[in-house]
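Across the two complexes that follow, subunit A remains constant while its partner is subunit B and subsequently subunit C.
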Partner chain A sequence: MLRRAAPLLVCLGLLVVWQLASLVLKSDSFPTALEAIRAIPVVLGDKDSLVNFAASLRRMAIGFAVGVAISIPLGLSMGRSRAVASLFNPLLMVIYPVPKAALMPIIMLWLGVGDISKTLVIFLGVSLPVIYHSFEGARAVEEKMLWSGAAMGLSSTQRLVRIVLPAALPEILTGCRTGLVLALITMITSEMIARQSGAGNILFNALDMGQYDTVFAMIIIVGAMGIVLDALFERLRARLVRWSEPQFDIPLSFS
Partner chain B sequence: MIEIDGVSQVFQTSARQDHLALSNISLTIEDGAFVSILGPSGCGKSTLLYIVGGFVRPTAGVASMKGRAITGPGPDRGPVFQEFALFPWKSVLGNVMYGPRQQGIKRPDAEAQSRALIEMVGLKGFEDFYPKELSGGMKQRVALARTLAYHPEVLLMDEPFGALDAHTRTRLQNDLLNIWERDRKTVLFVTHSVEEAVFLSDKVVMMTRSPGRVREIIDIDLPRPRHRTELLLDPRYQKYIVEIERMFDDSGDDELR
Partner chain C sequence: MNGRAITSDALLGMIPIVLLVAIWQALISFGYAPITLLPPPGQVFSRMVQQLLTTSFQQEIAATLFRLFTGFSIAVILGVAIGLAAAVNPTINTVVRPIVRVLAPLPKVALYPALLLLVGFGHESKILLVTFDALFPILLATYHGASTVEQKLIWSAMAAGTPPREVLFKVVLPAAAPSILTGCRIGLVISCIVVFLAEMITSTDGLGHALVTAARTFQAVDMFVPLITISLVGLILNGLLELTRSYLLRGFPEA
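== the complex of A and B ==
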């Protein structure tokens, strides 16, 4: 009971601290919590901003889906084949430490400020953790399990799909969860840079125009979106890998 | 019939040195025989079994089955590993059904056969359990049922009971013998326990310390079906054990040179 209510209590506590701090500071650029909350229905009720949100979510969904669809097979193959790993490893080593948003200007230069650029940045943000975790998951698959499959007559492709994939699933989904949060982050940053549509665009336009209650309302909305998406994904994940969970009782709600 | 002819195995260690694990092994295993490979840890027993399974290619020599060289794994040779190697995302039933389904047997038939096998290995009622919910002995029963399910002609068992407590081990040995008496599959059974080898086998292949060679092949001429309590009182059984135990003690001291 207390455990389920805990996140809500944390949110409530933060809002109270915010309210008190803003009352004390009395700054124009720091609206009170109540003012920000009152601005939420205004933002969500505006048709224009709903269109922007829909565009953001669509890009995020596409970037995430394509990222996962490419990264899982790639990561698994890298984990099981030295040749594939040494082919892609150098590329990933270079891409990995570069902040994906920093690539945005170049991508914009080539592909414009539209959907493609932003979706590509989201895709890049999602891919690396998913590749990495799929790779580690595939590498850790017990060899005797693959041998057992081979003795039953599974071909090497069948073993990859029907043994390596399910065996590595817990690790893969951990990567996907990180990827989902990164998708949200890269979604907003890409829209900050290519200011043309989306939730990040609303946020920074409001900032430019000094509509601070809208700015903070947007922060709350985007934050809530992240929390809800992550919680939903975590439920899906827990359901898919129930067979692997140790009877371990501290649900970590972040990772 | 399985023939192992002049098989040697060299491994490359991480330090880039050659390590001779098996040296010129020749051995014939008759159809329907229960043969144990006995030897100290590290003498290459597992490696030899993997070569027969087709999981490892020998550096020299040939292993063949029914006159055909073994080039890879196949459903005619079913392994049972010490590590169980069950599919953790499948239930007990799912694990056992995996092989038959792979061989194209229809789900209802595969399921019926698998349920019967699960009952035979004493796990009725656990069909829907996941491997993580089973004890070591239960996991090894599932692993055995999973392999039996696709009807291999030969069972390749690598210290299958090595990780189990003494009591569970004894029970599984009895159950394995009962199953074997029923359909007389060829069994190649790796162990480092002299008692286990003598109790189960028609033939014990004694190996030397690393690099593994065949040191002695002992035919175990004891009546079947075997019952542990009767055998323990049987002087012939005791003699086999003592004899092999002695050999084990000085296992290859003069052959290390």
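== the complex of A and C ==
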């Protein structure tokens, strides 16, 4: 019971700390937690912002789905074939430290400020951790299982789908979980750079206009989205790979 | 693995990168992309060399590196300390666990506006953001590494008369070192990404700021230079961390 309630208690505790801190600091630009919570219905009640949120979530879902669909096969084949791995590894290492959202200004020049550029950036952000974890997962598959599969006449593609994929699934899902948090982060930052629509747009416009209640309300909303999405995914993961204990029960979030 | 295999792997790895640059050049040579939107690679690289020699650009890099290192160092110290404490002490564990569970999937970039309002537009807000983002992977890796230390090692050390405090530093910490270093590696990449993003949002110097300035004035060439620079910085730092790793883990198998 206490275990399940602990995260909720932590959320409450954070809000209390915030409330106390803001009462002590008494700064105009730092509203109290209660003020920020009161501003949430105002933000969510607005029809425009709901449309914005829907647009954000749609881009995130598409970017995430496409990213996962491409990254898993790539990561798995990298994990099983040394040639494929050494073909793609240096490229991925070069791309890794580049902030994907920072590609936004350049991609915007080619594809405009619309959905395509933002979804593309989210796709790029999701891909790397999923590729990396699929790669690690596929590399750790026991050789004996593959040999038995081969002895029973499975082709290499069949072996990849029927042995490597299930064996690497726990690791892949860890990657997907990181990817999910990343998709959210990339979504916010891409909308911050291309101020046209979306949740990030509301957040940073409010910051520029000095509407601090809205800024903090948006922070709560986005934070809650992160926590809820992660918890939902964890449920799904627990169902899909009931046999395996999570290595980290908390995702490693990237930006 | 012999030297020859490594060279051929490296050659294989160059293919996609060379191909990418070739496609880039081809897009321009065959007139698919106007030079204003996609400058030829030669022009970008010569511009980069030219920029790297100017003091103003060196100062931008210095500003970015300063924030990156400060934030990352704080994250390493805090992450290792909290991770070790949580792994060793059950009371701390029950407190830290739910807090980390709530805070780790939080999109930290969304907190950046709050940090800006609280600690101002200077170095502090960026350093704090880097610390927040790099902290959790390091903390989790440390915790994971320290909590999977073989119990026999600890027992033997205690049987040999080592006081409990020294067991922590002489047995647990070295045994967790590989895991901690993996966490640091993830944290380092994240730091590169986050510091760049923070500088893009609000800054008066740094590589991220250089990108934003170039984007506002539609200097496509100058937009590529900071991106390639941050990628190089990431690669170099990663290489340095690898060296540290192979030095620190010289006694470990397959390090």
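The working rule: the second predicted complex is superposed on the first by the 245 of 255 C-alpha atoms of A that agree within 3 Å, B and C clash if a C-alpha of one lies under 4 Å from a C-alpha of the other, contacts with A are read in each partner's own complex, and residues count from 1 in each chain.
Just so we're on the same page, contacts are C-beta pairs under 8 Å (C-beta built on N, C-alpha and C of every residue); 3 or more make two chains touch, one makes a residue touch a chain.
These numbers come from a predicted model, not from an experiment.
Participant: Let's test your reading of the overlay: on subunit A, do subunit B and subunit C clash or fit side by side?
Facilitator: Result for subunit B and subunit C: fit.
Participant: Contacts for A:Ile40 in the overlay, against subunit B (first) and subunit C (second): which applies, first, second, both or neither?
Facilitator: neither
Participant: Name the chain, either subunit B or subunit C, that contacts more residues of subunit A.
Facilitator: Looking at subunit A, the partner in contact with more of its residues is C.
Participant: Looking at the overlay, does A:Val222 come into contact with subunit B only (first), subunit C only (second), both, or neither?
Facilitator: second
Participant: When the two structures are overlaid on chain A, which partner does A:Phe204 contact: first (subunit B), second (subunit C), both, or neither?
Facilitator: second
Participant: For A:Leu111, decide between first (touching subunit B), second (touching subunit C), both and neither.
Facilitator: neither
Participant: Answer with first, second, both or neither: which of subunit B and subunit C does A:Leu15 touch in the superposed model?
Facilitator: neither
Participant: Look at A:Ala167 in the shared chain and tell me whether it touches subunit B only, subunit C only, both, or neither; answer first, second, both or neither.
Facilitator: first
Participant: Which partner does A:Ile62 contact after superposing on A: first (subunit B), second (subunit C), both, neither?
Facilitator: The answer is neither, since A:Ile62 touches no partner chain.
Participant: Once the shared chain is lined up, is A:Ile70 touching subunit B (first), subunit C (second), both, or neither of them?
Facilitator: neither
Participant: Between subunit B and subunit C, what minimal C-alpha to C-alpha distance in angstrom results from the superposition?
Facilitator: Value for subunit B versus subunit C, nearest C-alpha atoms: 5 Å.
Participant: Name, in rising order, each residue of subunit B that touches subunit A in their complex.
Facilitator: 53-55, 72-75, 77-79, 81, 83, 85-90, 98-99, 102-103, 130-132, 146-147, 150, 152
Participant: Which residues of subunit C touch subunit A in the complex?
Facilitator: Touching subunit A: residues 9-10, 12-17, 20, 33, 37-38, 94, 97-102, 104-111, 113-114, 116-118, 133, 136-137, 140-141, 144, 186, 189-190, 192-194, 196-197, 200-201, 208, 211-212, 214-215, 218, 220, 223-224, 226-227, 230-231, 233-235, 237-238 of subunit C.
Participant: Considering the complex alone, what residue numbers of subunit A touch subunit B?
Facilitator: Residues of subunit A touching subunit B: 142, 144-145, 147-148, 150-154, 163, 166-167, 169, 241, 243-244, 246.
Participant: Touching subunit C in the complex: which residues of subunit A?
Facilitator: Result: residues 6-7, 9-11, 14, 27, 29-30, 82-83, 86-91, 93-103, 105-106, 109-110, 181, 184-185, 188-189, 192-193, 203-204, 207, 212, 215-216, 218-219, 222-223, 225-227, 229-230, 247-255 of subunit A touch subunit C.
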